[in-house]
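Chain lettering (A, B, C, D, E and F) follows the sequence in which the chains are written, and residue indices restart at 1 in each chain.
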Amino acid sequence: MRLIADILLLLGAIFCFLGALGLIRMPDIYNRIQAGTKAATLGSIAIMLGIGMLYPEWWSKLLCIIGFLLFTSPVSSSVLARAVYLSGIKPWSKPKQPLKNSAGEKS
Amino acid sequence: MTTNLIHWLLYGGAMGLIVIGIVGVVTLTNIFRIILALVIAEAGANLLLVIAGYRFDAIAPILTGQALSAMPTTQIMVDPVPQAMVLTSIVIGVGVQALALALVLKVYKNYQTLDLREIHHRMLADIDHSSGVISLLSEEQPKGERPLPEPETKNVLNSGGEK
Amino acid sequence: MTFNLLELLAAGFIGAALLLGLIRLIIGPDAPDRVISADTMSVTVTAGLTVFAAYFNSALFLDVALVYGAISFIGLIAIARVIEGSNS
Amino acid sequence: MRNISALVFASGLAFLLLVITWQFILGGAPMLIGEAILQQAAEELGAANLVTSVVLGYRGIDTLGEIAILFTASTATSLVLSSIAEKTSAKSKPGLRDDGTILASSASLFFPLLMTIGLYIILHGHLTPGGGFQGGVILAAAFFLPLLAVPGRGVNHSGLALVEGFAGASFIVIGIIALFQGKAFLQPLFGHGEMGSLLSAGSLPLLYIAVGLKVGAELSGLLANLAEPSGNGDETLSATESASTEQTSMQAEKTKS
Amino acid sequence: MLNRLNLHHHLFLFSTMLLLWVLLTGSIAVDELIAGVIVAAVVSLISAPYITIFDGIRYSPMALISVFTYLGYFFIALIRANFDMARRVLSPSLPISPELLEVETHLESKLGQMLLANSITLTPGTLSVELRHNRILVHWIAAPEEGVSLEQATKDIATGFEKHISGFLK
Amino acid sequence: MNNIAFNVALPLLTAFLLPIISSGSKSATRFVGPFVLLAMLWFALAYFNVLQHPVAIALGGFLPPLGISFHLDNLSLLMAALIPLMMLLLWPYNNREGFREESLLLLLAGAASGLALSGDLFNIYVFYELLSVASFGLAAANRTAAAFAATFRYVIISGLGTVLALTGIALIYTQTGTLNLAHIGLLASQLNNPVGLSAFALIVIGIGVKAEIFPVNGWVPEVYSTASPRISALLAGLISKLAVLVIIRLLVVAYQGSQALTLLLVLGMLGIIWGELSAWHSKDLKRMFSFSSIGQLGMVLVAFSIPGDAGMAAGIAMMLHHLVVKPGMFLLTENWNGPIKKLKGAATSSPLAAFLFMLFALSMIGVPPLPGFWAKLLLVTGLVEANAPLYIIALVVLLTATVIEAHYLMSTALKIFSRGKKKHFKKLLQTPFNLTIATIFGAVLLAALFTLTPLGNKLNQIATESSDRSLYIKTTLSLKLPPQVKQQVSKVQ
């Protein structure tokens, strides 16, 4: 039991780390949001599941935190992405490619 | 030895925050940044207060689990008094900051600038004007025609005080 | 509880993640970059607080994690709205 | 000149504080009353969270002063901002774009969630690290989130005033009831209950509910007040503002032209 | 009719809040439950007038099942997303070709649209930026080189979730 | 017996409920406040009559030093009685605008009472902050652009003071492990080191923002000339005294050494020099009075820095004198706020006001029969008896300051009594309301002149009582001590 919990913990921590690494490596803000949000969310959930296995009496509160995180994390990243988009920052694209015309418009 | 080092680092850090904040308050000219500096200084003072009750290797002063039945508990706990004080002083800080921000809004609305020196000059001119004393400033710039600076501070948060 | 090697390793990774987030927070270059790194860090810290709870064997930290998550969410939204309004 | 003197002052202060730090008896504070409180608070008050015993018991009047400070700050803020707040509350904020659907929907989803969490934190203030202030902040956040999502949304100021007035008054009234029972002002009432359960620690949870509602209402009011007239750096408002004195209105006209 | 809907609405809010309370306290002692009932009642009474988001919920047993299938689908997508992201972050060449594009949704309720947007955010390589009417602006980290049409993008990104969400939301 | 707590609880309760009351009936708002102030006055006076020796009251039933205690002696009760009295005199009876100013004034009254009574360092800090925030709101209540700017500077300087005071409190806590003033006094030996003394300096400078102490009084002229005269009168007359009270309590109880006294002496002298010179240069009445208020508070500080009963008596006398004179003067500035040279003929338009101005000015300078003279005499004899080089310097500074004071006040008086043009007269007419209140202050001053002997006796009694360190400590800690603390206390002793 403890081994599974530990593996979950480690996996989650590694995902958190990869998210932060993505934050450093990605070229522009949209990609950073992508890397940061996804990895950190799954990483945190895995960590909490691991903790829940270590301490079964905590599962209800951990479930609350997981649910909360699952709602807040995408919302906050969408809101931030929207703010960035509305403030006029265009997404980075590979330099050699021609720009596509459908990118900036919205209905 | 490590305990002492940790203590010293904590106290030094808190003092450092206080000093940074106060130096900021005294030297900055952008009134918004002055408030931020004040916030930093307050954070330093709160930190100092809370580490006054710090003990190495102690737990939070909340009884849980077995400790509830076995009183008085054998575990070492940190001092609860500074924690209560810090709670109080944080709330006090929030109130003062909100008031200061409201005043910044009004001052900016009236004087169209965030530069403290500029605001101070205009305020003194206003006081002189209302009490009928003709000061040096208002002699140079006749009444009612004090030039307004360029409204370059369109966005309060980002543009800062580089003037 | 005392941590075994795997758990210590996990804690180390969390610390490293926070460190990397801090680097992004410092180098910026823009406000949104800093904000997203703060957001990622806050999610990581929420997870870290549960690890803390396990280490100190005390469920109290879970409440702290919950409140921390809620407050940082609100803070992030507020800052995002400011960014949105700023450059329009 | 001013800068130099400021620097001299600041460096003097820095030197003083560093000397103080150096002088510290390493190893921490003697903690006289802290130790005594740790020893006897649980028996005396029956709250599992000893910080709560200090906040509401041993230093209850500090807490009264503190909520009074929040109230004062909010009153003073509304006094400072009142001349505009009445004018623009109906209109939407000029600077912000209209709301995004994601945020608007999630705001109305989070409103009840955050409120429940806030009330949970308040009600368990004597058992867990939470309490009136922490929970009050979450309540305020719950009210602030819809305001962030839909900036034009008006806030029910009179309702907030009602809540903050009665919450603050009930804190004092609980204190005065103790006085009428022949005890001291703000002395805890109603016995201890079973340690660690929800219904324990006498009147402390009641006090914390009052504090939580008060803090929540004050902070919501403050945030709403600050959010309403700010206009996000877009200063067209100052031209229309009817200033209270001749002077400011004169200045406002200058701005307009 | 309206009244009935209102009652549904209140009951749903109330039971959700009560569930949240029980999960938070982690106990079903009598005093905690009573406090929970009071809190849930107060919260649902206060917030019900402001909350129009729960309109589109289908109350049926089938809906409950599709909630679970949705959750399963979602978690699989989340895990896939993470391995995908890990691969991109770790590979030295940083294989990304980001693009902003739109997808269309047929969900009508606000809650459904929001869930869809959130799901898109947490799935492989996509991030929903803006949701307006029934279009979602998506940032796709690995858009095909030659560009995609609206229909194609919708099919690639949104349809899977939409199918599951429409099971319990209008 | 415990009902002195009402002096704090009642005004706060009323202030909390005032928004609700005012939405019910506007007229009730106007008379609820004075009624509460009357009740506070009654509570304070009731204690004053029966009090034979100092008493401590444990709030919440928790014995000090664990809980917070109120310390009641003649000095604190005198202040507690003066607070509602001054508030009643300066209450905005004619304010029809709303409830906010009244609410802030009530909060100010509650905070001030708490500050006067409290015997706990952190509790003092809390009430001090409440006092500050309420006074910010009152200072900005005029809602002019200049008032906002002045209040902003006031807030920032105050915030700085807050941080310094909080740092000082934290340092004292790390040194002694307690917050109760009496308990700190018991452990005073642990504060006799650089850390303890710098804590005192930090607290003095932090609290000194309200007491208009030298380095942190930049806000004084601006706020006093932008706020309405009633508010200036309140801040200069009453609030500054409460801050001074806190400082002397700390001084008496915990810092008996000479360094702390020297610090106060130097700060006081700098305040006198700066204040009086600036007052000499100022061109309008409001700012002249603001600066002279700084100078006067410098004198108060110098008085308190004299060791022993003599200093205490002189300081309290100066404090009370300033508390009566300065509000009266500020009330006169309502319609006399032009430049001083335009005040020609003011005496013809409102002779009573001119007479009052003359009375206040003469008393402030210290012309013999008036109370100001006796206060200054006490100070001068105290300085002479102290007989140390620094005190002699202070004496010289004081006498020079008196000469300067006499010069600017008398030249202003000359302007007022000289003949002016007729068309100015209407503008210089005093409003009857303010004039009435100022007359009351003048009457108090004159009444003091005729009751000098009993006043002097009472003053000496108060001074002896409040400069008695062991009495203060004994009063608070003679309540039944919890066993753990008793053990620690005996260990320390």
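Note that contacts are C-beta pairs under 8 Å (C-beta built on N, C-alpha and C of every residue); 3 or more make two chains touch, one makes a residue touch a chain.
The structure displayed is predicted, hence computed values, not measured ones.
Hopping across touching chains, the smallest step count from chain E to chain F is 2. Shared contact partners of chain A and chain C are D.
Look past chain C and you find the other chains held together by touch in one piece. Two chain pairs are in question, D-F and C-D; the one with more C-beta pairs in contact is D-F.
The most distant chain from chain F, with centres taken as the mean of CA atoms, is E. Chain A and chain F have CA centres that are 57 Å apart.
The centroid of the Cα atoms in chain C and the matching centroid in chain E are 23 Å apart. Chain A and chain E, compared by their mean Cα positions, are separated by 16 Å. Computed centre separation for the pair chain A/chain B is 33 angstrom, with centres defined by C-alpha atoms.
For chain D, residues that reach two or more other chains under the stated contact definition are 9, 17, 20, 24, 28-29, 31, 33-35, 37, 39, 58-59, 62, 65-66, 69, 72-73, 76, 80, 97, 100, 102-103, 106, 109, 113, 117, 124, 128-129, 233, 243, 247-248, 251. Touching two or more other chains at once are residues 122, 126, 129, 133, 136-137, 140, 144-146, 148, 151, 167, 171, 173-174, 179 of chain F. Looking at chain E, residues 20, 24, 117-118, 128, 130-132 sit in touch with two or more other chains. Counting only pairs that meet the touch rule, the chains in contact are A-C, A-D, A-E, B-C, B-D, B-F, C-D, D-E, D-F. On the chain D side of its complex with chain E, the touching residues are 100-102, 104-106, 108-109, 111-113, 115-117, 119-120, 123-124, 146, 197-199. Of all residues in chain C, those touching chain D in their complex are 60, 63-64, 66-67, 70-71, 74, 77-78, 81, 84-86, 88.
By the touch criterion stated above, chain D contacts chain F in their complex at residues 9, 16-17, 19-20, 23-25, 28-37, 39-40, 44, 57-62, 64-66, 68-69, 71-73, 75-76, 78-80, 82-83, 158, 161-162, 164-166, 168-169, 172-173, 175-176, 178-179, 183-188, 243-245, 247-248, 251. For chain C in complex with chain A, the touching residues are 1, 4, 6-7, 9-14, 16-21, 23-24, 30, 32-33, 35-37, 39-41, 43-44, 46-47, 50-51, 53-54, 59, 62-63, 65-66, 69-70, 73, 76-77, 80-81, 83-84, 86-88. On the side of chain B, the complex with chain C involves touching residues 59-60, 62, 64, 155, 157-158.
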